[in-house]
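Note that subunit A is present in both complexes that follow, paired respectively with subunit B and with subunit C.
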Partner chain A sequence: MIVKFIKDGISRRRFLGSTASLAGLSALSAGLPGAALAAGKVVKIGFLAPLTGPVAAWGKPGLDGCQIWAEWVNNAGGIKIGGEGHKVEFIGYDNEYDPAKARAGATKLIREDGVKFVMMLGGDTWPGAQPVADKTGMLFSTLLPSDLGPDTSTLIAPAEVHPIYNVTGVEWLAETKPDLKTAVMCAQDDALGLPSVATYLAAFEAAGIQMQGDPLLFDPATTDFAPVVTKLLSTNPQIVCLDTCYSDYVHPITEQLFQQGFKGQIISCTADFYDQMIAKTSKEFMEGFIFQFPDFDDPALNASNINFQNPNGFFEEYNKRHPGEWGAVSWEYASIMDLWKAAAEKADSVEPDAVLAAMTKSGKGDHAFGRADWWGKDLFGIDHALVGDWPVVAIEGGKARIKGFKSIPDWYAKHGELLKKHMAAYGQMWNQRG
Partner chain B sequence: MPRGLAWLLLALVLVALPHGLSFSQQEILVFLTINVLLVASYRLLTLTGEWSLGHVVIMGVGAYASALLSKRLGIYVPVAMLLGAGVAALVAYILSFPLFRMKGFYFLIGSFAAGEVIRLLWKRFRDPFGGPKGLKRIEGMPDLDLGVYALDFFEPITYYYFAAAVVAFCLWIMWRIERSPVGLTFHAIHWQDKLAEASGVNVRAYRTRAFVLASGFAGFSGALLAHYIGTINPNSFDVEQMVFVLTWAIVGGTATFYGPILGCIVLTVLNEIVLREMGFEQMRPLVYGLIMILSVLFLPKGLESVVQRVLSARKTG
Partner chain C sequence: MAELLVQTGLNALYAAAYMSLIAVGLVLIFGVMGIINFAHGELFMLGAYVVVALYADFQVPYVLVAALGLVFVGCVGVAMEWAMFRRLRDNPLGGLVASIGFLMILQALVSMGFGVRMAHVPPVTQEVIIFSERVRLPVQRLIVILAAIGFLTALWAFLTKTRFGWALRASAQDQEAAALQGISINQTAGIAMFIGASLAGIAGALTAPLISVNPHMGHSVIVAAFIVIIVGGVGSLEGAVLAAVIYAFVHTFVTTFADGVIADVVGLLLMLVVLIIKPTGLFGTADRA
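The block that comes next holds the complex of A and B.
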């Protein structure tokens, strides 16, 4: 409304209540399906991520995974609240990785669709949605903990602690291949690339691996990676680190490394669609490529400490519906939903504040890869990142295989100061942002 | 219909419009209103015949300047917006020295290069520009306490009225400029620059004038955007956004004042409302592109030609 009566201002609850009432009223008056669904005990979850454009690979596969998750949960009776099963419905909004559209999308999901939880990729789009989160008190999740800050208490990062888990790959590499002592790194110069650069620098320093020059930061608009790779290889490094490059960069850089005759070790945060990279290079070249995101048909995910429900079945179903589209985020949003569902059932409520309280109460949570801690005050100003073990994945015989799980908190206990030093150098500490 | 009555009717429609929209459509309406100012300012620049690829970056200059002035120096937001527009105009004036040594295609490429330099500076200097992540938590328009009522500019309707009033005023100024001797000289330079020069017109000075004025208005649109969404980053003003502005101008047509505005409104409504509502959430770029190709094929003179045909049919009929 253009005007509001002053004196006591507008509270979050009142704001949510009034807008949800309006949304409900309009649905009733229009006889829309939303009204009928509400009567059938449906919990709506917002999915606010890039579904089109260059960053869609980290949004759309997540929504596809969530649809499978919802079908499985709904077929099993839904979420149990107040002794009754509630079905889950995902409502997607394509924010095109644009903060303005993220704001419009958050407004739609919360004030029109009446969602109870909003999942985002985060990054550039989170600041656009942040005022809406602050105003409404809605519970949001991000895949990028660098979005976290003490100013917003309703944002959580329960799936991945990007980029902190990258330390596990370097640690594993140092343990299994101690003869590798020199590295170079390249990354796109953006919000995703820089904190990852700081993390890899800390991890290499902790592992006693020497950087041969400063990380090579390229503009995100770069399309020709031949000069980038030529410069990287000019110092004859043993390790080439691809940081957290988008798959649009990982593929051409890897191809260039192959074409320019690199014979050493490659380490990367992601290797989405690695089968295509193998097709462009060779199985031998890609052998031993290290990254951090497993295929979920991996036998190691059947261990008893893994909390993701039926990972092998999920992978099979995903590939049946979306062949060749499995990527780093295919399971992540679904794993967040596992955590949210458990918290909602524990709280016996789907209201954002109740779910958040139930989720974080004990200081621990069931992360997809095992029991984990709510952590992050040092780096993010708030303990809203769920941190535990993370897998190290290597390509063997053309297939991604988990080589082991490493503990992020254990690494941080030993080398936390290094990480803070490099994060601060790149202006990535929470109190240095924006 | 008398012209005065038509304007009154339009004003009433614009006042009533947000009340018929959903919350998210109101948000889109705010962005649309800001983009109307951007595309109209772009047309002002093109009046002299020069097309720029740096206009969105200049919008960003206004956004960054206004955001920094309010964040760092605590300047009252509306004043910071005006100063942001002034900074954008000033940067355009400085850029005009190298850029107007070029014409036509070379100016186009030069403006793109200049824009990229500015964008890279935003990325390179984390202090004060925030680097690749840009600026966050930019002060919004302060709530206005009118005694009985308080205007909350977080609300899209309130901000829409504010932005619409500002944009309407800016459009009126641009309209007046185009109709003034200065505007007529812009047109003369566009169509006969040699003849204009031979008649004593300082072509370069007039091109600079159009560039600076258009940049000032673009900077203002950037400031309006920054203080609404509360965050800006270098990607918000990249060449992809510039392509959208060009598309609005080309699909709408640039022969008339309203052509680019029409293009902006029609394409935004199509992309952000119609296609989303029709369930083409993930196929929008495909459908949007297809519609653009069809419109260029079948409406080569832009959407404004449809309006002109309707108006001339009514006159002759």
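The block that comes next holds the complex of A and C.
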């Protein structure tokens, strides 16, 4: 515990003092061969996400990943603008997944810190930041494309198309285990849970898998999941789908499934800290658990189509600095920065409008998992989601392994109407959101 | 269907057990001190983090850790009484505000010490009592149920059979009259706070291997605990236990046969109905209400 306390304390200080540490590292790198950082030229990037609170697992690990990304980029000479290297500095702001704090944070990052780009988790916090984005024209990114809408032309979803990529897991499951024909689902009743519910319903329908009852929604304040699991299992389903539940829910629900004797297939959007789930259940029980977020030490990520610098090295470095903290978003914000850096260098400018134009000009972009299309007008009213292939991950022998990549656009071309039908039924189309 | 009903009943029994421990502690503090302790959920959280610190990280035997959790959180309660509530005895609103401030301090301290994300607590036991294919009771849940019965029985015996217990009940009925009989108000307040806090702490320690342990977990239980003590009758220990059982069964069965969001609404409706029919709660008296 003492060791853990000290480690966490250092981590927290590192987080609070990110500016100072990055400045120090950059100063060191100035003396290294090949480093040609323009003196005093810094590009500030805003990181506006939950760093504390129940949703921190989808914010804080992303900032930790960005710090590694910044060190690597700065050590390699920074971002080349006008023939000069500019170092990158992340300014974090903890919005605690609260819209009012997101608004205050966006204002502070833009007005006081002078950031050139703001990365967010999105979801419930986007409505807070949206007026600031509209007023300032600042370029924002979200991990949740359900935030996209035609009214805000400076919001992009370049890393993940949550929850649309969940269709790939179901599609892969239906192809590899065609005998599984019945499913149940549970989700927390919020901005992350509901669009995901609609997506899984569409994916199951497209795959010919029958839902045994309506998705079971629970209050995000739920602590005891035994009644939820008892209800899920009451119809003897072959598949239990955990939707996009937060890890605080995925863990106890999975443990309950184990304790209540479930022996079928589990599919989930995420399985953060799955080693802890294995410890609470068994390796055998978790075998074949399907989700969507790989560990970056996966050999499949060394393929030539992967647009992420040294994924295995990134994973190793991340785990060295933050042991046991790797999660779904650890790499995602860093991958957005890859895209932003390429666009800024192409535009030879860090100004938001120039970067956005360079990023979306050809209608295609280099997503972490391969070449992808700027897409989404049908679902989001604007082509600002970068969509291509997405990995399907399964736990094998206690370790997450990519089982294959599936194309989201291909699925959508065949089953797009189904997705729109279910999104509309849950009030999740862009023109239905208030 | 029979299996589903029995399994749901077992689930409800577990929920009633830990909710009783939390609600009874909250009622005891309010009854004796007249303070609405908003930090009670965080005392529950502290109990869980004692398990994280000692059992999960240092592999100290779980039974010993649970006992330490009880004592440690009880001592935190005594410190709260001495540092905050004693000085605000004539100012119930001040006590309430102070407890809100204290809960934020506790959350911040735990976040700094343990991190913000869910802490991992290894299972104490993976044994499950299997009655049938669809009726199962994990032993860890049985431990919570039996421990709750044991602690509540011990509390009842303490309150009805010992001089300290009589003093507590006298203070709860009328502090001034109790003081005139030579009962130390400071002492009874300290005892009440120790017992109330330690019940929350032991509830947290017992349930830690079964739930998501995080610095904000107190929020989840405090709302339900307030519903329980309002339904049971503010200040009534018997009422808190009965209301915890009723609330747990209603909430669990509605979750299972409808869904969790509807269960929350039904729980609030239950409180509303009780307040309309009997504004003092099931066992409450007019002066306390």
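In the analysis below, the second predicted complex is superposed on the first by the 395 of 434 C-alpha atoms of A that agree within 3 Å, B and C clash if a C-alpha of one lies under 4 Å from a C-alpha of the other, contacts with A are read in each partner's own complex, and residues count from 1 in each chain.
Operating definition for what follows: a contact is a pair of C-beta atoms (placed from the backbone, for glycine too) under 8 Å apart; a residue touches a chain by one contact, two chains touch by 3 or more.
Worth saying up front: this structure is predicted, and the values here are computed from it rather than measured.
Peer 1: Do subunit B and subunit C fit side by side on subunit A after the overlay, or clash?
Peer 2: On the shared subunit A, the partners clash.
Peer 1: Taking the superposition on A as described, I'd like to know which of subunit B and subunit C A:247 touches: first, second, both or neither.
Peer 2: The second partner, subunit C, only.
Peer 1: Based on the superposed arrangement, let me know which partner A:233 touches: subunit B (first), subunit C (second), both, or neither?
Peer 2: second
Peer 1: Once the shared chain is lined up, is A:189 touching subunit B (first), subunit C (second), both, or neither of them?
Peer 2: both
Peer 1: Tell me which partner A:98 touches in the superposition: subunit B (first), subunit C (second), both or neither.
Peer 2: Once the two structures are laid over each other on A, A:98 reaches subunit B alone.
Peer 1: For A:51, is the partner it touches subunit B (first), subunit C (second), both, or none of the two (neither)?
Peer 2: Both partners, subunit B and subunit C.
Peer 1: By the touch definition at the top of the document, which applies to A:112: first (subunit B), second (subunit C), both, or neither?
Peer 2: After superposition on chain A, A:112 lies in contact with subunit B alone.
Peer 1: Where does A:216 make contact in the superposed view: on subunit B (first), on subunit C (second), on both, or on neither?
Peer 2: Only subunit C is touched by A:216; subunit B is not.
Peer 1: Could you tell me if A:60 is touching subunit B, subunit C, both of them or neither one (first, second, both, neither)?
Peer 2: both
Peer 1: Tell me which stretch of subunit C runs into subunit B once the two are superposed: 93-101, 129-137, 183-191 or 237-245.
Peer 2: That would be 93-101, the only stretch with clashing C-alpha atoms.
Peer 1: Could you give the residue numbers on subunit A that contact subunit B in one complex and subunit C in the other?
Peer 2: 1, 4-5, 51-53, 60, 189, 219, 221
Peer 1: Applying the document's contact rule, which stretches of subunit A touch subunit B when the two form their complex?
Peer 2: Result: residues 1-6, 10, 19, 26, 51-53, 60, 92-94, 97-100, 103-105, 107-108, 111-112, 124, 127-128, 130-131, 135, 151, 189-191, 193-194, 219-221, 427, 433-434 of subunit A touch subunit B.
Peer 1: Where on subunit A is subunit C touching in the complex?
Peer 2: Result: residues 1, 4-5, 8-9, 11-12, 51-54, 56-57, 60, 189, 216-219, 221-224, 226-228, 230-231, 233-234, 247-249, 251-252, 255, 259-261, 273, 276, 279-280, 282, 325 of subunit A touch subunit C.
Peer 1: If you look only at subunit C, which of its residues touch subunit A in the complex?
Peer 2: It is residues 4, 7-8, 11-12, 14-15, 53-54, 57-58, 111-118, 120, 122-123, 126, 128, 130, 133-134, 136, 138, 141, 207, 210-212, 214, 216-217, 219-221, 223, 251-253, 255-257, 259-261, 263-264 of subunit C that touch subunit A.
Peer 1: Taking the touch rule as given, give the residues of subunit B at its contact with subunit A in the complex, in rising order.
Peer 2: Per the touch definition, subunit B meets subunit A at residues 22-24, 27-28, 31, 120, 123, 126, 130-137, 140, 145, 148-152, 154-158, 161, 225, 229-233, 235-236, 238-239, 272, 276, 281-282, 284-285.
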